[in-house]
Each structure stands twice: as C-alpha cells, then as structure tokens.
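First chain written, first letter: the chains are A, B, C, D and E, and each begins at residue 1.
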Amino acid sequence: MTGLLEAQDVSVRYGSLAALDGVDLRIHDGQRHALIGPNGAGKTTLLNVIGGSTRPHRGTVRFDGRDVGRLGPAARARRGINRIHQRPAVFPTLTATENVVVAALPRVVGRRRWWPGGRRRAAQRLAGPLLDQMGLTAVAAVPAGHLAHGQRRQLEIAMALAGRPRLLLLDEPAAGLSAIEVGRLVELLQALPRAVAVLLVEHRLDLVYALSDTVTVLRDGQTLAAGTPDEIRTSPLVRQAYADGVA
Amino acid sequence: MAAGTNRIDPYLIPALDGVAYGLLVFVAASGLVVCFGVANILNLAHGLLYAIGGYTAAALLDGGWASLALALAVGVLAAAAAGVLLAGLLTPVATGNHLSQALLTFGVALAGGSLLVAGFGPDNPQVQVPSALEGSVMIAGHRYAAYRLVFIVVAAVLAAALYLVVRRTRAGMLVRAAVDDPEMVACLGVSPARIRAGVLAAAGALAGAAGVLGAPIIGPGTGTADTVLLLSLVVVVLGGLGSMAGTLLAALAIGEIQTLGVALLPSAAPFLLFAAMAAVLAVRARGLAGRWRTA
Amino acid sequence: DDAPGTSAGGPIKIGLLASLSGTYQAVGTEIRDGFQLYLDTHDGKLGGRQVDLIVADEGNGAQTAVPAATKLLKQDRVSALTGIVGGGSVAGVTPVLNETKVPLVGSNGRPELKDVSRVWHTSYLSDEPGAAIAQHVRDNVKGSVYAIGPDYQGGWDELRGFTDAFGKIGGKLANADGKTTFTPFPATTNFLPYFARIKASGAAAVYTFYAGSAAVDFVKQYAQSEIKDIPLYAAGFLTEGGVLNAQGEAARDIYSVLNYSPDLDNAENRAFVAAWKAKHDGSPTTYALASYDAAAVLDRAIGAAGSDPTPEAINTAIGQLGQIASPRGTWQFSTTTHSPVQKWYLRQVRQDGRALSNTVVGDLATVGR
Amino acid sequence: MLTVDRLCAGYGGGIVLHEVSLRVRPGSIQAVVGRNGAGKSTLVHTIAGLVRASSGRIEIGGVHVAGRQPHRIAQSGVGLVPQGRRVFSRLTVAEHLHLAAAPWRAPTSGGEGWTVARTLELLPRLAVRLRHRGCELSGGEQQMLAIARALLGQPRVLLLDEPCEGLSPDLAARVRELVNGLAADGLTVLLVEQQLQHAMEIADRVAVLEYGRVVYDRPTAEARRDPAPLAAMLSVAAVAPPPANRSTPRLWADTP
Amino acid sequence: MRGEVIRRVRGGIAALVLVGLVVAPWVVDDYTTSILARTLALALVGVSVALLTGVAGMPTLGQTAPYAAGAYACAVVGSRVSDVGVVQLVVAAAAGALLAALTVPLVVHARGVIVLMITLAIGELVVIVLGRWRSVTGGTDGLAGIPAVRPFWGLPALADDQARYLYALAVVATLVGAVLVLLRTRAGLVLRAGRDDETRLRASGHRVALHLSGAHIAAGAIAGAAGSLLVVAQQYISPADFGFDTSALLLLGVVIGGTASVGGALVGAALVIAVRDWLFGVLPGHAPLVLGALFVATVYLLPTGVNRARGRLRPPGVPALQANPPAAPDQATVAELRR
C-alpha cells in the first residue's frame, strides 16, 4: 500500500544551518502520526515543506501518488492538505464565522454551488456547527482580531477542518488551550472521520500518546527515532535527545 | 582607438553628472530614508522640509563660507523643528497606518507649501554659492560645475554616517524595533512617541541640510517640494525601504537614468524614469511575493 | 439672479481667472496685478461703469480652471472673462464659454482653437516670438543653431515658430536629426545631458524657450556647463520677471525676443511703469502688460457697447476697436486670429544700475496674422 | 509588591475585567489560571499599561500606576513576557539582547543582575542563533528570546503570560525552576499558566479568572489540601500532588 | 443594539443623500449642477480606488490610468463613431478594463507602498503618452468639441447641465449598486480576507493572484466608465484631468471615507473634489492652504475614518466582547462605558 503522503530525503538549509537534513516521512490514509522533538528540531519546517510554503533544497513530496513538489500552498490545500500554524493565523478583521466561511469556500460541496452566492451559502451552513464544536458560538460574530489567543487557535482548527482535509497538519494545537478546551480538542480529533490523516506536532506528550498511532522524533533536522508511542516512550535515545536539547 | 574615445567622449560628462545628480537625490532623500524606510512613517511633507532648507539658503547665503555655515545651522534647526511639529500632529495616527499618515502629511505639505510661498513670494529666489565653488573645473577636457563635485564627497559621508547610525547604534535598533511592535518597545521602557519625534526631527534635520546644500542645484521654488518628494519616494522605495546600500544604488541609478539615459536615448527621455521604476519594482515584488507576509 | 449686463451706468461684472497658487503663481499674480493696476488708475471703472472684479484661481491647469471658470460664468454671470495663464486651461474653459456666450479677453495662454469668434488675446500666439527673431539669428549667427525646448504644447508651438521661419530663410539646425530636441516637462530639472549633446553637435548658437523654474535651471546650468560660451537666444520668457532675479549673473548677455520691455520709450509706457513701480517692487513684465491691455480693451469695448453692454455687445465692440495705444507701442487685433498684430523687440540681459535687466537692443519684425 | 484593587478594564465598547483584586507580595508567585478568553491576558496587559483601566487601582511598590504610559510602568521595574512572544521580527537576537539590556538599573534585590552572558547561559539555544532575525526563529526559540528580553530589563515585578507555551517539556521545567529562583530572590511574579499542575508546582497562590472575575484565590497549600473546588472550576480531573523535589527538572512531566 | 442603531442611522443618511442628489438639479443653480456632475464622475473613480485600496488591500495611485483610457476612448468614439451613451459607456469600461488587464502583471505580486509606487508610475506613463500621442489625444491641450451624448438610441441629446447631471447620477447609481452586490458575494469576502492575511488565504486553498487580478480589472472597468462620465460632464478632456494630483486627492478622499466602504469612498472622494473646486472659486490663492488644513483637521475629526483605514480596531456594529456571564450587574457597567 502506498502512502497518502510520502516525503523523501527532505532537506532545508538556511545559510549554514540545516533545519532539515534528509528526513523521510510516510503517512497513509487515516493514519495519526505525531512529530516530536526539542525546540528548533525542524518540526515546523517539515510541516511547511509538506504544506508547500517552504521549498526544500532536496527531496520530494508526493501526495496521493503525485509529486506535489512544484505546487504552492493553495494548490496543495485544494488537494486536501490543510493546516494550522504554530502562531495562530486568522483573518483579523473578519468575524469568526467569516473566517470559517473563507476557509471552507475552496472545497465546499453543496447542491447549488454553481449558483451565484451558492458556494458562500453552502460554506455558511458549515460554519455554524464547526464553531459550535470548537466552543466558539458565543464569539461567532466577533472579529478574529479581538479574540483571545486560545480562541484564535481554536478558530484556526475550525478553519482547517472546514477545508475538508485529507491530511491535517497540526502545529501545537493544544498550546495555550485550557484543560477544558484540550479535552474538547482530543474528543474532536478522535471523532474525525477515519479517512482523515493527521500529522501532529506537539510538546505535550500525554496528548501525543493519546492521539497518535505512530511517532517520529526529530532532532537537529534529522530523524532520531520512529515507532509506536510505546516504543518511543521507552527509548532511552529519545530521552537523551530531549535532555541534550536543553543543555 | 581615437574613434572609440570620440564615441564615448560625449557621454563622459553625463555619466559623471549622473553620479553627482544621483548623490544629490540621495542627500535629498536621506531624511525620507530614515523616516519612511527605517521608521515606516510615511511623510509626504518631506519635500516641504527640504524646501524650508532651500528658502533658508536663499535668504541667508551671500557668497561667503560663514553664511553657508549659518544657513546650514538655521536650515537644519528650522526643518528639525518642523519635523517635531509634524510628529506632534501625527500623535493620534498609528505607526504603519500609511494612509492616514498620508492624509495628514499631505495636508501639512499643501498648507505649509502655500505658507512658504506666501512668505517668500512666488518667484524662485536667487541662491548664491560660496564664490570659491561658483565656477567650473576642467575634467578630461570638459567643463563641470565645481559645486556638484563637492556634493559627491558630502553625500558619501552622509551615506556612511546614516548606515552606521541605523545599523549599529541603540537608537537605530529602537527605531527598527518600534516599527515591528511599538507596544513591546514601550515595555522595554522607551516611549514610542519620543522615538517618533526623534525620527521626524532627524529626518527634518537631514532634509533641512539637504535643502541648504542642494539649493544651488534643486533650488527653492513653488514646485521644489513636489519634485523632491517624488524623487525621494522613488529612491526610497526602489532602494528597498530602509536598506542604506540599496537606497544609494537606487539614487545613483536614478541619477544615471536622468543623465546618461537621457543622453543616450533622448526620444525615450520622458518614459525612462517611470518605466524603469515600474519594471524594477514589479520584478522585485515578484521575487519577494512569497516572503512578503510570511514574517 | 440678475441677467448679464445691467441698466445704464450700473456696475458691470468682470471675471478674472489666473493661477494664484501652484506652479504658475508668479505669472498669475502679475496678471491679476496688471488688471488691477488699470482699474486703480481709472477710478475702478471700465467704459464708465463701476467694475465688480471677481477673481478666481486657475490652479495648475485645466482641471482646476474649468470649475473655477464655470463658477464665474454660470454662478457669478460675469459679462466678460479675462486672464488665464495656461493654454490648456483656455482650451478647457472654451466649451463653457461657448455655452454661456461670454467673450474671453485672454492675457496669456492661447491654444489652437477652431472657433475664435468669442476669444480674444492681448498677448501673442505661441509661435510668434520665434518667427520674429528668426531673421535676426540668421543674420548674426555664423553656423547652425541648436533648437531645444520643453515637451508640451506651448514648447512645441514656440519652437515651431522659430524653426519654420528659420528654415524658410535658409537657416540650418544643428540638431542631430534636424528636429528640435524636446525635454520632458516639467520633469526635467537637469539639463546637463542635453548640453553634452549640444556641445557634440558643434552648434554656433542655441535657441530655446523655457519659463518659470525650468528657465532658472536651464540658465544656471548653462552658465556652468561646457557650452557656456555659445550664444543663447530665447523667447523672452526665459529671462522675464522673477526668474531673472533667481538666475542672477548666469543670465548675463542672453538675447531674447519679446513684445515688451519696461525700458521702451513712449508716453504710455512711462506712465504704466511709474504707476507699477509705485505699487510693486521691480519692473512690470509682459504678463502684467498684457493684462493691463486686456483691461484697456474692455474699457473701450464696454464704453462702445452702448447702454446695455451685454456679453454679445461687448464682443461685437471688441471686434471694432481698431488701433490700441499701449505701453508696448500701438497694436491691433488680427481679424483672423483675434490676437495682436504687434512689434517685437530684441533684448539682452545687461547691467542696469545695480541689477541686471532686459535691455532693448533693437526692433525686430512686426508679426501677426 | 503588586496590588490590583477592584480593577475594571476592557476594549472599545465592552468591559472584560470586572473588579479584579489581587495582591502579590515581593518574593512570591501568584498564578492566574482560567479558560480561554477569561481575561488573563487582559489583566496582564492592563497592569503593563497596554490596556487602559477604566476604574480601580494598580499599585507597584506602593505607587499608583494605573493610567500611566506603558514605558513609564516599564521604567518602574515591570517586565513582561507577553503571550504570543511578540519578538521584533526584523531585529537579530543579538540586537534584541542589546536593546533589552539595562545594566544601569540596579539588579533585583538579593540576586545578581542579569547580563547577556547570564541569559545565554540559561538559554543556550539563543547563543547559536545570535545573528538570526526574530522572524527566522522557531516558535520555542522566540519564546526563549521573549523571556530573555524581559529578564535583561532587571525587573522587580515580572508578568509572565504563558511563558512556557511552545517550549519543550524539559525547558519548560527549567523555566519554572528559574522563576521559582527569581521569586526566592525577592521578585514579584504574576504567572498566567494554562496547565494547573505546572502552576501549582511553583506558585504561592492560585487565582482563577472566570468571565473577567476572580472566582477563586487561595494559597497553593490550601488548594492542594482541598482540590475539589478548583478541579471543578477548571474541570480537570485532579490537582497534582506537590512534586517531591522542586529543583530537579522532571523529564516526562507530562506522562500520564 | 448599538450596531443596529448605527446601521439604521447610516441607512437613513444614505437615503437622505440619495434623495438630495436626485432633487438637487431643481434646487441649485447651473454652476453647482455642473460641478456636481463632474464630481460624480470623480467619485465613481473613488469607488474603484476604494475597491482596490480598502477591499483588496492594493493602495493605488494609478486609477487615473484606466480612467483616462475610458475617457479618451469615449471621446474618440463620441466624436467619430456614435453619440449613444450606452455605447460610449461600454467602450469606455472595456478600455479601462483592458488597460487594467495589461498592467496586471506589474501589480498583482506587489503589496503596500510598492503598489502605490508602481501604480503611480503607470499613471504618469499614461499621462505622458496622452500628452504625446497628438493625433488621437490632441496632445497636452486636450480634446474639445466632443458632441453631446444621447443616453440611448432615439432619446434626445443631453443639452443642459441638468440633463447631463441626471445621466451621470443614473450611471453612477447603477454601477455602485452593482459593486455593492458584488461585494456581498464570496468575491468580497475573499478579497477582504486577502487584505488581512494573504499567506493564510493561500493556505486555505484560494488562488490569491487570480482574485486580485479580477479585482484590478473590475476596478479598471469602473474607472473607465467614470471616464466616459467625465467627457459627458465637461465635454473637454486633457491630460491634466488625469495627473498625479487627481490620483492623490482621490486616494485621500477614499481614506477620509474609510477605505473599505464603498459609500464612504463615494462621499469622501466627492467631498474632497467638490471642496477643492469650490475653494479655487471662492478663495482664490488660498485654496491649497485651506484644503491642507482641512485634511489635517479631518484626521482629528473623523477618527472612525482613520481607524477603519487601519483595519485593526473594531468596526462599528460588532456585538459586545464576550459571551456575557450570566450575572446581571455588569450590564450597568457596560452601558455606562458605552455612553
């Protein structure tokens, strides 16, 4: 079985710094994969490469069997790669609802989507339930620029889901969320359709273990270990990696 | 060989003049580099500040060195004071809110310009260069204005000083930091309002100095402010908004386009400046397209 | 609103449109002051009627001139319009003039117009100065002449006047392709590259036309350039009025052609200059003179228009004025172009007491169609 | 000493904080927890002067500072680690440190002053990124920079708005340890933290903010003794027991 | 609540203005009517500027380029081909759109001040071409003697100021209505989102360059149509009508009106142009001084315009901050604060 996403030998250099150095990653349909590692390991960079906003120096990215290396982020999003950013990125002057509508537009389905205004209406119908799931109904009409930090993160998750992803890239989705919101997030991710693959970057290992089928550990741009959560949890190598990351 | 020299010869002086003219444009634009390029305050009254310097020069210069020094001092002070005034007026407008800044400073430029003309009359006043610099010198068999040669030195010094101040001093860092996030600068204990006043005062001083020194070349008059503003804006934006080396290069390019370019392609002269500008900016924007808002 | 024109002896409204702000403010102010001077020296009356002079600002060109003129014509309902600095402004105002049927006695700019039935100018046609000086240049310059001017309608006309007349009498242009060099206007502030071309062309003299700050730049840079020893001939505006003061020493010896100079020796001029100097610093310019003459034209025309000087009547009366005595010498309207048939003078910038001034050094042709 | 008394504040047309009162003694850490949007950041920003208080008092060292300009408040010794880092994107790390350093200000009572060298020792990753600009750093590196920036100002009062967001678990633990040490040196610390067990590790008092109101404010010890109300309020399963040894970084702190 | 009131008040004002505009020619004199007609044309360009500057986030100083293209196309068609208004409008709009389409490669990738400068250059280049292409444009002195237009086949030509004004009003109302409808579809939403954060918009799968090109061309068509109205209103055009100061004043007018609002742009641009034209008539020589002072005053007096231009602060009509806690007492506080 070929994977939904296959990244091979991905390398990204910034000047003399190798942010990623020959990383391989394979995710198949419906897989929940986590990416962990100390600060500056290259996790966000790898997400950027897969999402299309950073062009790798070397290596290929194939999605759904096709080489997407030359496609920009928009084209990849239309093929089903949706993401949230480490720093929540929302449209500040648009209301929360409008944010979700915009995110939903490119891949919205609806019977009347070819009619004038039809797409927008179809997207609008999607927004309400999504905001509700993220607990944002009360602030649906507030411009996103006026939301609290955690609310923005929740909004961006709703936006990513609105794009009907086949592969969801989550960069620290739980950072800054309170316990209740984290619980809600876990529920939501666990309730995702089985076909949706998830690539999760997270420092909170309890979440990683709870949510992922497989884990990759990055450090200094290289894959240090990969395996099931149980394997990773007990690997002394991984513990070492984190400890060194501090010193 | 001789034929070769002959073919180049007519373009020698335009090429040299391109350098001098480019440097003049750089000096005129230097205040705007600090204000807009570095501090991100769009000041459409920049030409007015230059004109203040120019009129000061016209009023005070009498052909002696002492009067030049005096005019320089008065021009710099007056323009810096105008800059501070402008900073005061700009207080309610957020940094980076270019359109509102444009509205306000354009208004100041309009009103101030007509006040200047009311004060000094609609005629272009005479500007007397120190007599030692009045004449022309011979270069490679061509006559060339001495004053313009001096400019090359002045501008070079200014460019170097600006670079050092912006890149190396704490003040320069504060200004750049305030562009990104004035609130966080305040949380470091520095008043963003004071930074803004300082920037506009410095920009005013530079423009005033440029106005006094440049008066013999781009003299004071009803259209001066607009000419200087337009050239400065072009230079600052072409130069990549705040990069000192880029600005200098852009100024030199403008200088050469306006002299050598005109000498080589006289029929295209009217189009040269704007066509070159649009092309360069469009090409560069395409290159930057990915980078623009990711940061 | 009262209809245009009023009962016998009553006041009459005249509209004056001139650039009182912007690039041409210096010219516009002269035009206003010239007209005002005539009124002041004639008890504020034209044709025996008290004048209600309504001034409006032309700004930088047609786009501000048109609404200002519309106000004068449609709201103030003036009986005649005068002034207007720019040729483009005149062109822009023409449709409104045609609609309201009010005569224009312009005192400066004059574009090409299809229909001049209601348009009169006391100044000149743009190609006349060049035509007037061509013969003199042909006689006195041994060699070819380089023609250079600003790239807009006024510049094209001024230079065409010279090159056409000059060519007809066998003169040769030094320009590379035999055509006048035009510099972008008003963008050109640096003329050195053009001077390099002039030098390379081997010209024996230069003919040019610039006005305002371009004239200052041109003359100052010329004096410092490598062609400073080549004689410079110009339409008189190059050294007229305030610009001469700004040019200073750099303007010395420049020859220019114009329909007026303050040192002309006739009774009208002595009175005019004396009255001017009593009110203003410096000498009057051709702009002030033309406007002064516009007032004189209106004075006589309104007087001749009878008890009800409607715009129509004034217009008809202007056409029948005949010879007009003026500080520039006597002149009259051409019946075809409605602009003056007048004498032109050769002037040179020379020391006059402490200051430099344009001194008449000879008479040129009488020109006008 | 930081005192907030019946403080009300908000943005534009509405009020976010309703009569918030807190009292943080020098050398102590006050934790503030609460759900997203409860008003924690607003509280911090109001103290720092970035949001205008509509009524109420803010006292720092006995001086009433509400209504003062933010830079004046900073000059009186308040340091801020804002949520979302807010590093200067166009300044290099070295420039950040140079700009933030205030060696002329007296070091925090009891402790040694913060120098660039000392901060780099604490956050070694920054040392190898000195020439990188703010926008080129990874999320965690930016967070480190924000912390370093606040420390270099030699604050007497430290406002920390989720300082450990995005830091790897070990580093987060080290930062908490550092904060604890700072408090021991006499610093006044207000710590906003989402993960209650982490807050309780070091805080002397815990306050819960709900819809802009303080609904709970007790010493940590008391909260540990009777965790039920707190747990109910934040709907967390239980409050973690006090760590055995507060100074050892616990590598798998998050392991359930 | 408050948003509702504001919306009502605004709607009321808009209706009043509209009624005022319709009855204006019967109330004011010919001069004012003719000025109004000209102003309407410029205000329509203002709408196109707002579309680009406020909605799409591409601040422009170059809308005079398609405006000029439309005006000259209309003048040429008017004097050589057809005097039917609809034909001229369509030709002018097409000319404007075409010019805008030609410049798309220059502007779509640029942002902020860079767009400002590129569009400035485009505007200046167009003016230079207009001044030199004498066989078609009449050079710097412009084109006069354009025959009066008849709105539709079979209708009489527009002979007086009143008729010309009403024609302009009808066209402007139709086009502005169309723009308002367009902005309510997803196009408007996506453009606003792109102004906020383009990278994010791309990450959601939108083709940003395509949207911006579309907006640019549409704005060009509107400006072109406005050009045809200018020809109708003043029967004379010259390069001076399309110079830098026109662009600058339009942009300022749009800023005053609050960049992102079409109605605001219409009013702001009209106000600035009308005040300028009026000042040149009544305060000869002092117009720039007064106009300048007015701009400065506007920044202080119209903070809403300023804030909305910034696009950060809360636009009016947004409900209160958070889901208010169940308790009641804070209602009083909130109400107090709002007063």
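The working rule: a contact is a pair of C-beta atoms (placed from the backbone, for glycine too) under 8 Å apart; a residue touches a chain by one contact, two chains touch by 3 or more.
Listed by chain with UniProt protein names: A, D = ABC transporter ATP-binding protein; B, E = Branched-chain amino acid ABC transporter permease.
Everything numeric in this text was worked out from a predicted model, so none of it was measured.
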Greatest separation from chain A - chain, by CA centre: C
Farthest chain relative to chain E (centres taken as mean CA coordinates): D
Which of B-D and C-E has more C-beta pairs touching across its chains: C-E
Separation of mean Cα positions, chain E and chain D [Å, integer]: 49
Approximate Å spacing (C-alpha centroids) for the pair chain A, chain E: 41
Distance between chain centroids, defined by C-alpha means - chain B, chain C (Å): 35
Touching two or more other chains - residue numbers and ranges from chain A: 53, 139, 146
Touching two or more other chains - residue numbers and ranges from chain B: 114, 270, 294
In chain D, residues with contacts to at least two other chains: 11, 37
Of chain A, residues touching chain D in the complex: 14, 37-40, 44-45, 86-87, 139, 146-151, 154, 171-172, 175-181, 183, 203-206, 209-210, 233, 239, 242-243, 245-247
Interfacial residue positions of chain C with respect to chain E in the complex: 1, 20-22, 25, 55-64, 66-68, 70-75, 87-88, 91-92, 94-95, 111-112, 114, 151-153, 156, 184
Footprint of chain B on chain C - complex, ascending: 21-23, 25-26, 29, 151, 181, 183-184, 186-190, 192-194, 196-197, 199-200, 212-213, 216-217, 220-221, 224-226, 228, 241-243, 245-248
Footprint of chain B on chain E - complex, ascending: 53, 59, 105-107, 109-114, 117-118, 120-122, 124-125, 128, 132, 197-199, 248, 251-252, 255-256, 259, 286, 288-296, 298-300, 303, 305-306, 309-310, 312
Residue ranges of chain E in contact with chain C within the complex: 29-32, 34-35, 38, 128, 131-132, 139-142, 144-145, 161, 234-236, 238, 240-241, 243, 245-246, 276-278, 280-288
